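Just below sit the structures, each encoded as structure tokens.
Next come two complexes built around chain A: one with chain B, the other with chain C.
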Partner chain A sequence: MRVLSTVKFTALRMLRSYIVLLLLLVVPIILLTVFSFILSGAVPESGVPYINETSMTQVLVFQLFGGSIVMSLIYNDLFTENKIRMYALPFNQTMYAFSIMMCGALFSTLLGALLMVYSQFVLGVMWQNWLWMIYIISLMAVLSIIVCLIFTFSVKNFKIAERLSEVYGIGFVVLAGLFFPMPENGFFDFLGSYGNPLTLSMGAIRDMGESNIGDAWFQANILLGAIIILFVVMLILGRRKIG
Partner chain B sequence: MMIASMQGVVKRYGSQLVLDYIDLDIQEGEIIGLLGPNGAGKTTLIQTLTGITAFERGKVELFGQTENPFSNQNKEKIGLVTQEITVFEELTAKENLQFFAGVYGLKGEEKKKRVAEALEFVGLADKGGKMPTKFSGGMKRRLNIACALTHRPKLLIMDEPTVGIDPQSRNYILEAVKKLRDSGTTILYTTHYMEEVQSIATRVVIMDQGQIIKEGTVNELIQTVQHEEKVKMDVTDPESVPIHSLEKIAGVKKVIVSGSQITVISAVHSGNLDRIISIVKEYAGVLGIQADKPNLEDVFLTLTGKHLRDKGGE
Partner chain C sequence: MTIFKFALKRSFSNTTNIIFLTLFPIACIFLPNGEEWPFLPYGYQYFGLLILFVGIRLATIILEDREKGVVKRLAVAPISHFQYLSQNLLAYSIILILQCIIVVYGGVLLGKELYQPGWLFILYGSFSFASLAIALAWISIYRNKDASFLVYMSLIFIIVVLGGLLIPIEIFPDLLKRVAVIFPTYWLAEGLKWIVFSEEILDFLLINGVLWLYTIVFVIVGSIRKIN
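Then we have the complex of A and B:
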């Protein structure tokens, strides 16, 4: 498996994508810090400080944008002039793309985990179930990557794919009602609950924290199901473009 | 030994015929200069030969294999230097080479050694830790070449490796190609700089509009268009030179006087240069002499009616 020898370099490329690090790590750290000052000591009736809920939301919101680095690397290596060199190499290009995906999922999860570490040890946020939180973050990371790749494989112009990925991220934040309340009707209710990866992941974490284990798994499994279905769609679209 | 062969290869992009029944054999140790203007089909030929682009009709043989010529086993024996600079900007020069060395199956000490050798070979030994973004265009080109060398390919394909770089880097690259030739590497070198081909190629293949229109050594190709020789002389007093005396010299076809310049056109290999000069010197002072012989540019012009490069454009 010669593709394995490339993983280290894919990881290095991701770690040196300073714009991505700025947007997916530095910006949320700044936002979390600002919110922690604003919400300092504010505790609702439930007894869980506001900053806990805000931190969870922040960590998950930024996972919606985690797929951008993967789409950018795959596009750069397999769809631009680099394609010629990559296709002349003695390895499987599909597996190479897959390795970038895996790296990207780990990278996004790592960034999410770093935000958790920062918020717990610097801002005092208490994460109740680290493993569950990381599982949900990884589901969000994989989903974002798959969605971004579907966009990359579906449109001819990469700029359009990039814009669509932004619409995916911002769109679900808006539909989750985090910016302003959404109209109350069946359509928006669905996209603000089971039809929205952000609300699903937030619900899964909240329910696990409240020991509603069945509900937590149910919501996580909806995310997993969406990942499986979209993965198949991505494979079908990707096979036409790669390999 | 035959390294690669294309027989009757046809490739179309839509309705446009890009490779028109291409027949090409590459023998071990050869440096083939593939000449042609932009859009001649050079890059498509390379992509077809390396299995990057599928072809419609014909047969490609690589290292004796016709059944599955583009297997990973065969790809390991090929190095491709792309026309565009295709190095990873986020990795250092050394890491770039390690990436490609790893894909070619090199490991451990051997990999370290080959990476160091490749950096040394292209003159970037002291720049291994630097990012390509800090490199000049010429240095990037050299790194681009090094990426195709770590695995010591049997067949090195270089697609216009000197486009858009300074003369110093260009000379460096040409010297490197000569060293590779001396070490026995078979090279397919595409360019539209005829002077590069003249200095390195053992055989020249000329392409135009998807067809191979001529092939042979540089001398063989030149001889096909060499019908006459021209001697141009700048003289102090052209009026005093007896033109009829020049016209009587064996082999001379025509004498033209234009301003201070006398042009004598003779049959090829007539060997009358000394005689022409001595007659002119009797009557006038000779300020300069220029003897024109055809070069590859003339060959190309004769064969296709086009220049290899757009004049004035680089």
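Then we have the complex of A and C:
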């Protein structure tokens, strides 16, 4: 349990990485503010203002990129710069990597929660179910971290792994059809619905809002299943790389 | 023209750059048409976003030179800073222009509805120069290339939204509509609108003029030699 004493410093390192804070907190705040100006007062027939949907999408989209900080910390600590120091320390390196992951997930969820607080109190967005929203956000954060680590472990060049993690984020935003409509065939339909973490989580939150509890849990459980499967993959790849 | 030759080579030497410079423009051609908005196919609306990214990726090569001390060595070599900068910029602009040619005339070959491809090409050209100039000015305030790229990336997203490239500017509230004028992306969006509804040629000249003004101002800001 000596790893616990490092948690404080991991958290500090994350809180001090100003570029991550800029990209995952300041930019979404600016974008949300701009969108709320643009969409102010626009209410469709369903009675839920457009801004609610937009801000939910934004909060979730930025979770797709939450894994980048964990990736760079693990790369620095266990593969390059601090590798020898870390292996000289009397603690379990696997547990250390795991603690960085947990910190990263908490950090990413915290940023998402901050965005929610901001949009509720400053922009007047009403979140229907805070707990459910945070649960989904944390699932997205964990998924993003695991995917990023799989890239780190499986690609030799770290630069390429970083690019791949961006492709993961932007790719799923594009596949969800947020930029432009995707062509309609079986493959893209799947990747725009049940094969896409972004649409899954959006669907889960939307269904919970409409009190379709069964559907909401179904979609959240697909995410959870993906996390479990990818976690095993990550463990296998990580053992090969570290061990 | 040695520097020119090597600037070209370096631009294509890294995998990410090759993808940025060849695959993405080609992908742009194949994006679908919008229903009501945008008026041109989506790929042509978003190509502006791609130009901004390519601009910073290319300009980062100059920053890399500064980081590694190449600029310091060049300062003692019998070559002026003007030659270094102009040949680099020439290489980058040729790449950007080639990209514009691929996108515009590839679209024409595929039979996309582009209204006036010639003018569209000129518009993209002007915007490419503006993008390159802004990127050049941007890197001059940074020492670390990763930080400069990431911060610029976040800036691009905000500029693109505020300039009306991602969302039609008509639905903006009045204040944002007026503020949008200061962003180069606004002028690109206006230009694209002109291509579709072509009214007076003077308007188009004004749009290009503003983009060139950005180019000149930012090249002057960015061309100051920095040795650190």
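One rule holds in what follows: the second predicted complex is superposed on the first by the 242 of 243 C-alpha atoms of A that agree within 3 Å, B and C clash if a C-alpha of one lies under 4 Å from a C-alpha of the other, contacts with A are read in each partner's own complex, and residues count from 1 in each chain.
Assume a contact is a pair of C-beta atoms (placed from the backbone, for glycine too) under 8 Å apart; a residue touches a chain by one contact, two chains touch by 3 or more.
All values derive from a computational prediction rather than experimental measurement.
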With the two structures overlaid on chain A, would chain B and chain C clash, or do they fit side by side? fit
Chain B versus chain C as contact partner of A:38, first or second or both or neither: second
What is the contact status of A:88 with respect to chain B (first) and chain C (second): first, second, both, or neither? first
Just checking: does A:17 make contact with chain B only, chain C only, both, or neither of them? Give me first, second, both or neither. first
Touching A:9 in the superposition: chain B (first), chain C (second), both, neither? first
Once you lay one complex on the other using chain A, what is the shortest C-alpha distance from chain B to chain C, in Å? 13
Chain C-facing residues of chain A, complex: 19, 22-23, 26-27, 30-31, 34-35, 37-38, 40, 159-160, 163, 179-181, 183
Contacts from chain B onto chain A in the complex sit at residues 47, 50-52, 72-73, 75-76, 78, 80, 82-84, 86, 88, 90-91, 95, 98-100, 102-105, 147
Touching chain A in the complex: which residues of chain C? 15-16, 31-32, 34, 42, 46, 146-147, 150-151, 153-154, 157-158, 161-162, 167, 171-173, 175-176
Using the touch definition up top, name the residues of chain A that touch chain B in the complex. 2, 5-6, 9, 12-13, 16-17, 81-85, 87-91
